[in-house]
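What follows is chain A paired twice: with chain B in the first complex and chain C in the second.
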Partner chain A sequence: MTELFTLKHNPLVDPAMHIWAWQIPVYLFLGGLVAGLMILSGYHIIRDRYDTDRPHGHYVTAPMLSVALLSLGMLALFFDLEHKIEVWRLYMTFEVTSPMSWGSWILLLVYPVLIASALLNFQEAQPRLAARYPTVAGVAEAMRSRPGVASLIGFANIALGAGLGIYTGILLSSLAARPLWSSALLGPLFLFSGLSTGAATLHMLTHIEKGEDNSYGDFLVASMVGWIRPKHGEHEGAVKLAHADNGFLTIELSILMLFLINLSGSSAAGHDAAALLLTGPYAAVFWVFVVGSGLVIPLILQGLQAANRIRPTMIPALLVLVGGLVLRFVLVYAGQASHWPRIAGF
Partner chain B sequence: MIAPFFKFGMFGTEASLVVAFVIGIGFGFMLERAGFGNARKLAAQFYFQDLRVLKVMFMAIITAMVGLYALSRVGFLDLSKVYLVPTLLVPDIVGGLLLGMGFVIGGYCPGTSCVSASTGRVDGMVYVAGMFAGLVGFGEVYPKIKSFATMTPMGHLTIAKYFDIPYGLLVFAVVVMALGAFVAAEWAERKFGDGSAGMTGGLLESTRRLTPVRILALGLLVLGLFALVGGDPYRGNTVSIDPRALALSAGRGVVKVSPGDLADSIVKGTEEFRIIDLRPAAAYATYHIPTAENIPLAALAPDSVSSDDKVVLYSDSDMQAAQAWFILRASGDRAAYILAGGLDAWKDQVLYPVRPAKPTGLEAAAFEKRAAVSRYLGGTPRAAGASSAQPVEPAPALITPVAPPSAPDMARPKKRAAREGC
Partner chain C sequence: MVIDTHKCVGCKDCVVACKTENSVPEGYCRDWITEEARGAFPTIQLELRSERCNHCENPPCVHCCPTGASHVHEPGGVVLVTHEKCIGCKACLGACPYDARFINPEGYADKCTFCIHRVEKGLDPACVSVCPTHCMTFGDIDDPLSKVNQLLASRRHHTLLPEAGTKPKIYYLT
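Now for the complex of A and B:
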């Protein structure tokens, strides 16, 4: 038994190709989602910088949710680190050619921008909290009264969001030893996947309502109903988000197809790597969860919802989120399984 | 190209999951379009107000029935390869009643509850949650009720086979019955319904024109009549032997299963193979491979194994097994294998494996595994140098490998296949 154990787990006998477990895909997913949320809220902040009358439901929720999700993602990343104490060394230097270095600095800059975005609409979105903390409300008011500051925060959101979204893809493609990842298309693919999951998260937020519907006697049923019905007066926003999400999903689907076509038509190693997803051991998960229920079905459902053919629910948003997560898992796992043809003698 | 595609190896397991996804989404979409996501519409049929469930289900049944019949008659489909759920009479009746009670109480069956939940209906979500709780509960109590759940087995049964009536007659009778049910349903909807359902475009519409519905009904009737005179859709009666295909599979050695592989499959409890002992009953009673059943060669008939089974044949030597293999293969395209080397090889390699004289690390590890399998199956591993020609050990004990305490850790619990619901 000992022999069996030793032999099976000796990397010289049976090489362990899967170095990255769940932490990296989870981090890539959450990072992409936050990137998408930042770009979307950046756009909203710039658009509404002179307009204080618009409903500001998510303008505080989304950045605060981003802070929480990004922290979770970075925690996952931290779990993956081999030398956890040495993290600070990343911030002692800046290497222009290293995506890892870009990423660590972007992650550091994202937090203050997110908090500033949340503060910007603090007064309108959380009037009760603002009354309790007049100092914070004062700072928020000062920021709000200067459209230039709002523009700055908006542009910072968009720039950092785009950087974060692209970086999560480029991080993988810089590893040339894995044929599946050696494509720059991963950058835009992850960016648009992040945008679609970000839009889906906002879409879900519009559906979340706290038990206002009292026509159901049972608390459990009432809260379930609350979770799936769009908030009153935000139906228009939900439809716009569904429209935006469909745009992102369409672009993501095209990039994904280009990525696979590009790979299939390249070297033998690239062809084998693409075959892992298209027909190989990851085919079922890829076609069903990424392409089927992650892209095509949400596209159809949201199209039907936008055309008022079916009742709007949070199900397409949920499918998009699951699809985005599975995309990261499939790409990270299949990427680690892909390899260059073995050279004789090794 | 002959269906079923999966059984003829047109695509693998991965692709079959993708196909299942596409079919599942299509099925759900059709149920939703038929209005089956709404519990009120489903319940209305119990009051004869809206009988669309009856109509859609009967329509699905006869479409599948005449479709399968016609396709297998023109040679596109091998009906004997289509999986039939084995009939377990009493448990099926009890289970059916339970499902019906759930249907009446909740307003959904498993398929429609998924449709309803996907369209955002809360009752559907509660129902789906209840279904999963029930599945977990069933899995937990299954060992306790296993003896009940497997009682009165009747095998892969069809009505035509059981009552010994021609298949074509049955197809025709069901088509006529379905058309009658459609007419009766429309009549009931007019009498009990509020006038919203089934008023226009039905079979009973007050016009003499040949409406699309009537054309469809006529088409089904014609297909039913075709079935009445068309004969048996199963190919079993007229089988042409392809000697070259037989020679090819025999020559390539793909028809053999090694004793080690068979032992692994028994230990894992996969029930992948149906093992058949071809020796006389007396020899079988003395010793047989665990889980094997006894069908002496003289008693072997093509219908003693279903074409769904993967059969492993063995006797003392390869000779009789090869004869049995030919009998089975000649009666249709069956998955039949020969235990390589017969029972002698089984004893040599599985029950009494010999430790290599100077094993390397890998060989020692492999032997440890084989020794564990041997002890599990009631044998004894032998030390190096023992002659393999004369086993000194006593005859192996008859054992039934039902989870002994020393089971090697490769054993996996058997997964039960999910039943298909409506």
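Now for the complex of A and C:
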């Protein structure tokens, strides 16, 4: 029998650590999603740079959506800070051992690359806006006329997207005091989760995006019915995205399994941490929303869509997004609940 | 710092002295008493420990700090937080395996400083100076002739969570 009694009583830390609430999972989810969108956009920019005939609606929508989502994520992160007035200090130094410092600087580089990505296809995708803002259109045209610039923006998207996606996982795994987070697999796990949620977002855009001649009302109707009814003429793109998303989901599921196997077979603290997800208080949410509806069901649905057995809809994309968000919530909350054994064994 | 667990009676004088000396806000503590009992009757063993930040040689709280607010003070290797530089991101709270840090109501990460303001004047930390059983000894671990080294050479001792790899600098004599 070993019994521990302590008089320690610090808020947020005792009796169980709960320093991070909804803000951090939301930030990690949005950061990962934007990372996924950037890698996919970068790949398309490099692949399609000479194909000027196709209207690249997503290539403008996706980076601008990324700017909005990333800003929302950073706002959540800002809400989490306890000493908000000092936030500028993040940019007064670069701490090489701190993943949070790396992340702050990566985020600063991400914004100009996203805006450049949106400008690259501005004229083709948004001709009305281009006519209204000739200066912006001029800059966009100057960029587009130089293939080297397009390549550079494409590669910058991929490099920064990968950095951002991995960083969101490393941020937690660097905090080795919490056994659940003490795994280098969190980096690739969050990267592939980011890629799957990024592909799911693009998938949703193919269903709800406004056509050139549609009015705003049509767009709203399309948004509402898009998740149950496929949009005409976009099957090819949707099927490609479903294929890509299934690839990402398969890798994500494999990494998640490896992560749990590794943790279960490690120290007693690691075993207890894995048990929090596998059989403990977070098990129901983990199995139902992360593994079940977040990974396995979308894999099956998108597999059937790709094989033309069912009509492509937004449902699997929606499930992937919910699963990605819940994955962050579960890992952040369960991670805080995991701890080293408190007994000293004197 | 070396703490003799055979002498500690868990009176909490060290806790009160720290709160008074450092104006620790109500409801918070920089040091605390832990009682660990093990075994079965009639061979139960009890250890009373005065615990605080371990001022680790390999401090994860310093490595993860994005602004450099958490730092190692030299000379002496004391782990400190520059309050004005801390943004309150709480990464250091998550990184500490001893849960020794907390967020001060003013928004910055707070913890034991080994009363560096007293030590620099040649005084002992407040907790050491008030201990009625003299169970705590503060000194230079790098000096082979210091009292702390003599105690460690003469008695069995342990640290907290050595498996965490942080190389804690508080030793408990058993």
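Convention: the second predicted complex is superposed on the first by the 304 of 346 C-alpha atoms of A that agree within 3 Å, B and C clash if a C-alpha of one lies under 4 Å from a C-alpha of the other, contacts with A are read in each partner's own complex, and residues count from 1 in each chain.
By our rule, a contact is a pair of C-beta atoms (placed from the backbone, for glycine too) under 8 Å apart; a residue touches a chain by one contact, two chains touch by 3 or more.
Computed from a prediction, not measured in an experiment: that's the story for all the values here.
Asks: Touching A:313 in the superposition: chain B (first), chain C (second), both, neither?
Replies: First partner only, chain B.
Asks: Count the residues of chain A touched by chain B and by chain C, then name the partner with the higher count.
Replies: Looking at chain B versus chain C, the one contacting more residues of chain A is C.
Asks: Taking the superposition as given, does A:292 touch the first partner, chain B, the second, chain C, both, or neither?
Replies: first
Asks: Where does A:23 make contact in the superposed view: on chain B (first), on chain C (second), on both, or on neither?
Replies: Neither partner.
Asks: Can A:175 be said to touch chain B (first), chain C (second), both, or neither?
Replies: Once the two structures are laid over each other on A, A:175 reaches chain C alone.
Asks: So, A:284: does it touch chain B (first), chain C (second), both, or neither?
Replies: A:284 contacts chain B only, not chain C.
Asks: After overlaying the two complexes on chain A, where does the chain B footprint on chain A coincide with the chain C footprint?
Replies: In chain A, residues 1, 3-4, 7 are touched by chain B and also by chain C.
Asks: Which of the residues in chain A end up touching chain B in this complex?
Replies: The touching residues are 1, 3-4, 7, 221, 224-225, 228, 279-281, 283-284, 287-288, 292-293, 297, 310-311, 313-315.
Asks: For a test of understanding, state which residues of chain C touch chain A in their complex under the given definition.
Replies: My answer: residues 5, 12, 15, 27-29, 32-40, 45, 47, 49, 51, 60, 63-69, 84-91, 93-97, 99, 101-103, 106-108, 158, 160-161, 163-165, 172, 174.
Asks: What residues of chain A sit close enough to touch chain C in their complex?
Replies: Interface residues on the chain A side: 1-14, 17, 19-20, 80-84, 86-87, 89-90, 92-93, 95, 97-101, 104, 174-178, 267, 336, 339-341, 343-346.
Asks: Quick check on the complex: what are the chain B residues that touch chain A?
Replies: 13-15, 17-18, 21-22, 25, 118-120, 122, 125-126, 361-362, 364-365, 368-369
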